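The two complexes that follow have chain A in common; it is paired with chain B in the first and with chain C in the second.
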Partner chain A sequence: MANAKQEALELVFKQPTFVSKVFSQKTILNTISVVSVFVVWALLVHFQVYRFSLLPSPAEVLEWGREWVTTKVFWIDTGMTTARVLVGVTAAYVIGIPLGLMIGWKKVFSDLSFPMLEILRPIPAPAYLPIAILLLPWQEASVAFIPFIDALFPVLLNTIIGVKLIDRDYFRAAQCLGSSPRQIFWHVVLPGALPSISSGCAIGMGIGWMGAVVGEMITGKWGLGYRIWESYILLRYPLIIDGMIAIGILGFASSKLIRYLTIRLVPWRKAITESLDESITK
Partner chain B sequence: MPNNTAIYGSQFWMQFQRKFVNWSLVRKILSMAIFILFWTILVQFIDYFHQIPTPKAVFLAIFELPVPVVLKNIGISFFRVLGGFFVGVLIGFPVGVAIGYSRILNHLIFPSFEMVRPIPPIAWIPLTVLFFINFESQAIFLTFYGAFFPIVYNTMGGISEVDICLPRAAMSFGVGKKLMLWKVILPAAMPQVFTGMKLAMGFAWILVVAAEMMSNKGGMGYYVWYNHAVMDYPHVVLAMGIIGLCGAICSVGVGVVGNYFTRWQRFV
Partner chain C sequence: MDNNSLEQNNEGRITIDHVSKVYDPEGANVRALNNCCAEVEPGEFLVLIGPSGCGKTTLLNAIAGFENITEGSIYLDEKIIASPDMNQSPGADRIVVFQNGALFPWKTVLENLIYGPMVQGKMFRDEAVAEVRRIMDKLGLSRSTEDLYPDSLSSGMKRQVEIIRALINNPKVLLLDEPFRALDSMTKSLMHEYLLEVYEITGKTIFFVTHDLEEAVFLADRVIIMTTRPGLIKAIIDVDIPRPRDFHVLATVQFMEFKDRAVKAVREEALKAFEAGDRELA
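Take a look at the complex of A and B:
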């Protein structure tokens, strides 16, 4: 009887073997998807469809990229861009998170500061560049200012939403138990908002890379964005695509890293999202 | 008795406040005043900031604004943003629906999107300059590219996160596949689709400004950069404000259209 039951269970919940995992429909389709991008690109360049004749082929890009990675310039560029992004985005975290917590928590504070930020928010980050150049004496700082502005508003808004989504009962319970505002801040507001803050940080990191590239293309001496622009001017077209790939990989990796770290740091994230889902479905 | 009247008096005052004084609004207006005051003090009294234009200079710049030029530049920027945005919606929305609805299409298309998405749209500028002949099509491609991924990802997310009870309920009423898509799944996904569109509109404005700053083909980004080049900083700040206003108008416009398409939410 027990054996029959086990057999039935095995039939229903069949453990995927290695072979069935590798040759599953999903992996096959995914491989087709990724490979087809390169194949279509290579074919378009090879048969010179429309203006694709001007673009470099994947083989050329790979060749140039291999050479580029071994040069010193590549590592300096990567380091510079990473440093700018990190400075700008860290500044956005340092300013955005406390500000967002206060705006979300205290109505008075929100009224006094949020309208101003709402006016500044729709102005696109590149438009701040002239002001950044005026305001900051050092060119590096004005390049780092764009990732800062780009990252600030996602971080800020996610923090505010995180605080607003905390169950009001937690505040009431803490007050009933006689906590001071300071205790409420450290034990209710901050932990409650952290899951949302973590996703805001990951989004901010992703957008920060975009801002750094803008800044470097317009004003800059080093950095991947500048290198892309320079390779365009010097007609080294394969390097443009290499630069794009490098930025893409770095941006993706840093965003994923932040997400991974914050999930580790906020183990109650899952519990909170689950309880949120429950309260919505109820 | 005097005690009582004091209490009643304060209650009367509280009721009066509650009815006629909107403290939240007062504080909001006050915050603006404080912001402008702070800005003035910073520029007037701290030497470090002396190059920044004062609020007064920015206000006076309004009267010197070359209105036809600015209107023309606004029109150019709007054309580019809306052109790219609508192309993004026309292509991104069906693609998002397809990969949200069909698992096979998702497996077939999604990984290649995941591969291309981390490349910042700005980094595409040199390639678009190579590929497209005139600046209009380059700018529209860039805004399209910036708008495309937020729309696709949010449409896909919206459709895959539809409450499973809704299609099941519809199925038990004998609803066919076509009706299911149009009457159940798409309306349920609409709130998130419009969140994506709002994000897309923001990206489109960022990209249009960046692209215009790097070229000399008109538009508000060019206008900002031109004023920076001739060191007319009050007009730089004013132009930034105008760009912000245009972006806000576009965002509100998307919100209004979104309210129409998610009007079922009012009855839930």
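Take a look at the complex of A and C:
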């Protein structure tokens, strides 16, 4: 009896071995997707197809990149850009989430602010830059203003949608059980919208990186965006691509990080799979 | 809450006095309830039955305080709880168990159960937890479910938790809005027996809305049959089947006779509704 159960368990929860992990279809396809880009690029440059002769080859980029990461400039650039993204995106969270919760929850707020936000939304973030430079006391703030604007709208809209999608019965149940409006906010509106807020935050973080780079290309003396533009002017082409790769990796990693952190805030989303684990192992 | 929180009492009389409700979206003037009069005795199990769209949920929502009425008044014991010039005011003296369930998915079973006493400021957390555990034992809900999230419970168990979440607050009446509609028939019959057991133990007034005849006759002291739009009360059937009842009742001649009477009354209405082709209103 016990043996049969053990066997059944092993069937259900066969631990993947290291080898089977490495050779899983997913890993293989993921590897192909990354490697093929570099292969095609190398071939295009090598055979000088069209104007690809102007571009550096992957080998050159690698060589330059290796040297670049050992310099102080690289670390200052990376630090500056990261700081600008973090400041801008955090400001977007701090303003976007509460505002979105109120707009989604109370019709008064929605009627009051939504038309204006809809007009502001299509204006691209760099268009705000001159105003930001005029208004904000120091240049760093105006660079961080671009990732802020860029991240604000996805955070705001996801929060609003998150609230709007909460089932009406949860509000009614909370009222039945004797909640005040304030308690409904903390116990229904906020937790109900959290899954959607969490996606909004991850999307906002990704877009924040784009915004920071654009800002640095226009103004500023440091940062990955500035370095890319400078490399173009100074004909250090391999460094352009190194900068692009650095931004890609950092943006990807920070989005992942936000997802990882926010998933802890919504533990009920995993409840189904976890209890399944439990009921099988018990 | 004192030790008698689940004892029988003489409270929980609902008086529905000439209640009408007219929905008037853009002058459509839909009469959902027409001059309904009924009285639910303290400690009575009353089932309101009628075809889809006859206004039974509207009546329940009016009692719960989710929707206003346009004529008449509703009393709970001596207190007026609904009239045309009153604001909607749900309260913990009459708690709803919802058709699709409204346990907060972001709270564990225990957090859901202590929610009412906590937000009402009636108890400290420790007291509320102790009270919840006492009632869980009394009403046969295993303590091993305490830390699970609702989505990992079976659909029947979710209803069980929701019924207990309502009873913790010692409401005067329990309003059930087709609570077992979404359950499969096996689970449904188990939940019928469970609800009867809870009813025997607590002696609460129960106002139960359904369109399932067998369910109605099996559970009720009295079955009220509602007509299609305009929703008015057509017939009242006293179900004199002795309590406590269990599933054996379903096979008795007596049960069949009551069911037959109800079928005849409801069939006419169902036919009318069918021919009118109206969509469900609420």
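Some notes on this structure:
In this section, the second predicted complex is superposed on the first by the 235 of 282 C-alpha atoms of A that agree within 3 Å, B and C clash if a C-alpha of one lies under 4 Å from a C-alpha of the other, contacts with A are read in each partner's own complex, and residues count from 1 in each chain.
Here, a contact is a pair of C-beta atoms (placed from the backbone, for glycine too) under 8 Å apart; a residue touches a chain by one contact, two chains touch by 3 or more.
Keep in mind that what you see is a predicted model, and the values were worked out from it rather than measured.
Three-chain overlay on chain A, with chain B and chain C fitting side by side and no clash.
Once the two complexes are laid over each other on the shared chain, residue contacts for A:Val19 go to neither chain B nor chain C. Touch criterion met: A:Leu135 reaches chain B, while chain C stays clear of it. Once chain A of one complex is fitted onto chain A of the other, the partner contacts of A:Leu234 are absent, as it touches neither chain B nor chain C. Counting residues of chain A touched by each partner, chain B versus chain C, the larger count belongs to B. Within the superposed three-chain model, A:Pro115 lies in touch with chain B and out of touch with chain C [touch as defined at top].
In the superposed model, A:Met217 makes contact with chain B only, not with chain C. By the document's definition of touching, of the two partners only chain C reaches A:Gly178; chain B does not.
Shared-chain residue A:Ile247: touches chain B; no touch with chain C. Once you line the two complexes up on chain A, you'll see the smallest CA to CA distance from chain B to chain C is 7 Å.
Overlap of the chain B and chain C contact sets on chain A: empty, with no shared residue. Against chain B, in their complex, chain A makes its touches with residues 25-26, 29-30, 32-34, 36-37, 51-52, 54-55, 107-108, 111-116, 119-131, 133-135, 150, 206, 209-210, 213-214, 217-218, 225, 228-229, 231-232, 237, 240-241, 243-245, 247-249, 251-252, 255, 281.
The touching residues of chain C, when paired with chain A in their complex, are 64-66, 90-92, 94-96, 98, 100-102, 104-107, 115-116, 119-120, 148-152, 165-166, 169.
Only residues 167, 169-170, 172-180, 183, 187-188, 191-192, 194, 266-268, 271-272, 274-276 of chain A touch chain C when the two sit together in their complex. Across the complex, chain A is touched by residues 23-24, 27-28, 30-32, 34-35, 49, 51-52, 104, 107-112, 115-116, 118-127, 129-133, 163, 202, 205-206, 208-210, 213-214, 221, 224-225, 227-228, 233, 236-237, 239-241, 243-245, 247-248, 251 of chain B.
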